[in-house]
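Chains: A, B, C and D, in written order; residue numbering restarts at 1 for each.
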Amino acid sequence: MTERVGVYVCHCGSNIAGTVDVADVARWAGEQANVAIARDYKFMCSSLGQELIAADIREKGLTRVVVAACSPHMHEKTFRNTCAQAGLNPYLFEMANIREHDSWATKDREAATLKAKALVKGAIERVVHHQPLEPLPVFINPNTLVVGGGIAGITAALELANAGHHVYLVEREPSIGGRMAQLDKTFPTLDCAACILTPRMVEVGQHEHITLFTYSEVEQVSGYVGNFTVTVRKRARHVDESLCTGCGICEEKCPKRVIDEGFGAGLGYRKAIYRPFPQAVPKYPVIDVANCTFFQRGKCKACQIVCPTGAINYDQQDEVLQIQVGNIILATGHVLFDPRRIPQYGYGRLANVFTSLEFERMVNAAGPTEGKIVLRDGVTPPRSVAIVHCVGSRDQNYHEYCSKVCCMYSLKFAHLIHERVPDAEVYNFYIDMRTPGKGYEEFYHRLLREGTHFVRGRVAEVTDAARLPGEEGKLIVQVEDTLIGKQRRIPVDMVILSPAMEAHADSREIAQRFGLGCDFNGFFTERHPKLDPVATMTEGLFIAGTCQGPKDIPESVTQGAAAAARVAGLIKQGTVMMEPVRAHIEEALCSGCRICNTLCPYNAIVFHADRGVSEVVTALCQGCGTCVAACPSQAITGAHFTNQQIMAEIEGVLWDVRPAELVEA
Amino acid sequence: MENTFEPVIVGFLCNWCSYRAADLAGTARIHYAPNLRPIRVMCSGRVEPQHVLAALRAGADGVMIAGCHPGECHYVEGNLKTMRRFYLLRRLLAQWGIEEERVQLVWASASEGNILAAAVDRMTEQVRALGPLRWQQQVLGADGQPSPAPLSREESAHAVAERAEMLP
Amino acid sequence: MATAAAVSAAPTVSFFEEVIAATPGDPRLELCLQCGTCGGSCPSGPDMDHTPRALFAMIAAGMKEAVLRSNTPWYCVSCYYCIVRCPQEIHITDVMYALKRMAIKEGFYRESKASEAPEFSRTFIDYVDNYGRSFELGLATRYHLRYHPLDAVKMAPMAIDLFRRGRMDLTPKQIKGIGQLKAILARAKELGGAV
Amino acid sequence: MNYHYYPGCSLERNASAYHQSTMAVAKTLGLQFMEVPDWNCCGATEYFSIDLLTAYALVGRNLALAAQQPGSDQLVAPCSACFLNLTKTDRYMADSPELAEKINLALAAGGLHYDSGSLRVRHLLDVVVNDVGYDAVAARVTNPLKGLRVAPYYGCLIVRPGYREAFDDPEYPTTLDKLMRALGAEVVDYPMKAHCCGGHMTQISQPVALDLIHRLLKSAADYEADLIVTLCPMCQLNLDAYQDNVNQMFKTDFHLPVLYFTQLMGLAFGLKARDLGIGKELVSARLALAKIGVETTAEKPSPKPRSKNDLPMPRMPGEG
């Protein structure tokens, strides 16, 4: 096996040269078998560095190239293109990672140089066995699946649909709108959430390029970028959508009233057959089977009787359908931290302690109190209100992270209280007032001007145990006002808690179903936190909005549009080049033992009973190599990771400790 | 006399998790023992027992296989297959008298540079304490008498005989 | 309290590191966000010269004398509200015990408002060192007579009530293994040495 | 079920009622308590303020003596302060090997040794609630404490420090509440049940301590409790002995007897009051206990009728 290998050792400024003796490594590499030329250069990834390689390939007839520099995740693509442009198949190239894995990981110059030589030798011995490969073109299905109908999902769907691509939007709740639909005003402009959101929702509802599945969930996903097969379960609404006009009489006449734990955040009531809110899209109501008297005890068909178009159908069944899409955007949103986990704040025990979501429903004109701010008795307006920041956020016992938006909406609450209960005293208890957005700090100054009492200190407890005069019958907020260094007890009538943003309880299952990772808190893991926040490790799978982490509405919209742009890019390409790293079964060697069949998580290996052999469906194979390793008769080879290449690399990296008699084998 | 033996450990790092963890350790300038010589594989499921044995035979004093945490494998369940093969392989190595600490399986996700670095440091110290492997004498009994494996006399004789036919 | 001269740059071994070393385990003091949860939770917070939070800021600023003169550690009733609620899981109560020990070692406690507190502890310990168990009557009388003679008179009715109900011993009881205990405590003092 | 038993100095005299009733109730519940031979004081909150290692060595002797005694790997301490010091020492010995080594060096001077983790330190309430269980307790109740309004007082040390896996919520504990309900008593859910009684502050700065005690008494009184039940000699002493100091200082007229939970268990099991140390409390419980002697007909305060525009309350976990 004689090849003409070019070895290029990069200084990377001082990043590598600072610890590894690059000149010595290059000199040493020059003396190795099969090496035609070995150079070291300040910046191999620079255009001059790349030119060095291209020139050597052309002039010295190199048949293999090894670059010892940074991690392949950084510049493998760069150098593969260099080889391709110089006429050498890009897969006849190998990188040795002597920066992240070597020079940056130790101060010991001698050991680092020795390790660099071992990695270079491993690369040389490996690259000699490389075969030319061509990337596989894969057709991109122009349809896209968007999971989650919040503001991020809606934005992504509309951006793609308006570009003429078809979108399937799947939403778990009876209506799209997500968390934003529950809000009243939005900071810092005090736009009414419904006013700016509903037009978008209507646009989604009527868009010819969007198929909307609400009250539905994705049950199963298979395939790969460009060719995903998605199974969607459309739960039975027990209302025939083709007949229902959305008149709402059924909701009016339904005798069964229950607490609205979903959209109403537990503060309002709704009927057993209901629409979450008046502007719901789609407009069809849903029967809550768990609370509907007919489904529980077989009596009362009130809704069916009053329905003018006979749309109520009690024996409607779930529908399970399969759709083919090229890309998937996950925008599944978040939930709120349950303050009952902090007993000393009294939520659930002390009547007049509310969560932020409960207060949003209260101040909403369509809410249970038509926008009037009142105590839990539903009648008396509060004379003093305490708004508590950082409930469950910035706390090792619950969530260490800052939830980003609570300071701002807590300011918004203060404003709404000043506006609707003018003589009420309002206290905000904060650790740091975080106003990072456009117009955010100005909004804070507006609240200072409106006379809000800002106390810097994290609330220690909320109690009804009065101690001093004037505390009887009140909720007492005990806190240290850290700016005066004194403990204070502030009696108020109402307390609003601003809880942390949390990942959905089932976010890990969703991640597993779609094949992407979750971080420690259950938020989805992006491909790169700074440079690639909307993509994931899996090609063709994107994320947007608060499912990736706490963020405000502008950011969620931005990410929705960004994800849509990435998908539109892939659709425009029509085909995408997939890594040729695939498995292949040599039919002559295959004994038909079928061990590999069940191993493959992508069901990419089929068994031909007639010929008694298995075969890998190249398109489905993701190139993990598990079957290659398991095949007892070594009938399966993994392109670019063949046994021969790996064995050669093993012997290469151990060049300095290899026993003599093995060398000539 | 302070033990100056520098063990050589071959590391099979999976492209999506442990290889990126090692990258992150470097980017964060976490210094750890330079004794590990990484080899990139697409998934820890690609590593065959044959590769581990080849590395030990080629002079490595230890082998570390590092993959994604169970449930986080980029290929859904490649690492679970690794786990199965690993425990079987370790029983085989024990029969040849190779200490358990010499071949280790470690989980490290892409964000756990520090965990991988700590695992490399820990394994380096363990193998340093065990001393060089000297596969020839240890397994092949190259210098005549059978390897001083902790097996009974008959078992080792049987093992030696069995090994004799196996090798070319 | 001496007028606080401008706080100079941190001396060699900073007071901050000294406090951390004196506290068992890893107190995590450097993680303090100055959020005030401890100050807000402390039952005797209002009566302290400085809230625990303020004290931590002063420790970080190296204000050793001001910290060790403060009555805060002595007013700590060790009810552990602060430890359980601290968002950074700082071992606040252990730090308070460490500050008490440092205050005694440096002798600063004499100027703090709660200057008799260590004497109460020391009196309590004398009985434990010599008899192996605490002796309430002896502790109360010796401590009060020396520091609060008036209070001793006020305490009398309660003492009589307790005695009448058989809840007050007149003489201390010694444990059998007192020699063994003394040997252990002596060896510990040798080993302990530092705070 | 047998346990090593560490009574602690208070239970010898000041809290002998607690010791008496514990022994009586233990017999009924089939709990074997083997007192740790020649145990010494745990140093309460005093020793740790003076010298760290000596304080650990002092507690270490008790742990070593208990570990030597055969028959159980669990050590029960009825007093909260002793329970805290025993757990804290065991935990810190486990957390830092150098400290453990130093402590064992000191113990060696007395021929003793202790390996951290070899004993599981338990508070008496934890044993009754988790090892015996509410049902087993309820099964032995012969005269339920019907009509007696009881304010369960946990104090701070058994629910809070977090040095070991807590057996109850540090902020809103409920085990003592449930135990009292198992005895048939009516439990008053007052907010101060886990606040501190001041500990030794009564000696260091009495006004501060009396303020703390006043808060507890006022809260229990506001919720019309007949008596306070507690599980720590220090809390009992502070609430009971200083009640008239509080009355003088705050011009209040509290008359709230303070008993141990084991005394109430004894009464519910039909044991004689004298054997349970009833009568040793300064604020007499005679009046309150008379209530359970007599079937009370006082109807319970009916809950406020719900008006139609009442906003719904969030459900507490565990409610229907």
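The definition used in the following text is that contacts are C-beta pairs under 8 Å (C-beta built on N, C-alpha and C of every residue); 3 or more make two chains touch, one makes a residue touch a chain.
Keep in mind it's a predicted model, so treat the numbers as computed, not measured.
Along touching chains only, what is the step distance from subunit B to subunit D?
When the steps are counted carefully, the minimum from subunit B to subunit D is 2.
Can you check which chain pair, A-C or C-D, has more C-beta pairs in contact?
C-D
Roughly how far is subunit A from subunit C, going centre to centre by Cα mean, in whole Å?
Each chain's C-alpha centroid was found; their separation is 50 Å.
Using CA atom averages as chain centres, what separation in Å is found between subunit C and subunit D?
Measuring from centre to centre gives 23 Å for this pair.
Quick check: how many Å separate the C-alpha centres of subunit A and subunit B?
35
How many angstrom between the C-alpha centroids of subunit D and subunit A?
Between these chains, centre-to-centre, one finds 49 Å.
Could you list which residues of subunit D touch at least two other chains?
Counting only residues that touch two or more other chains, subunit D contributes 171.
Can you list every residue of subunit C that touches 2 or more other chains, as numbers and ranges?
81, in rising order.
Name the residues of subunit A that each touch 2 or more other chains.
Residues 344, 461 of subunit A each touch two or more of the other chains.
Identify every two-chain combination in which the chains touch.
Contacting pairs: A-B, A-C, A-D, C-D.
Touching subunit A in the complex: which residues of subunit B?
It comes out as residues 6, 8, 10, 16, 19-20, 22-27, 29-35, 37-43, 45-48, 50-51, 54-55, 57-60, 71-72, 74-78, 81, 85, 109-111, 117, 135-136.
If you look only at subunit C, which of its residues touch subunit D in the complex?
Counting only subunit C, the residues touching subunit D are 22, 24-25, 43-44, 47, 74-75, 77-81, 83-84, 93, 97-98, 100-101, 104, 114, 116-118, 120-122, 124-125, 128, 132-134, 136, 140, 143, 151, 158, 161-162, 165-169, 173, 175-177, 180-181, 183-189, 191-192, 195.
Give every residue of subunit A touching subunit C within the complex, in rising order.
Subunit A reaches subunit C through residues 344, 390, 394-397, 431, 456-461, 478-482, 485-487.
For subunit D, which residues are in contact with subunit A within the complex?
Residues of subunit D touching subunit A: 169, 171-172, 190-192, 215, 218-219, 222, 307, 309-317.
Touching subunit C in the complex: which residues of subunit D?
Contacts found on subunit D: 9, 12-16, 38-41, 43-54, 56-58, 60-61, 92, 95-96, 99, 102-103, 105-112, 156-157, 160-162, 170-171, 195-196, 198-201, 203-208, 212, 241-242, 279-282.
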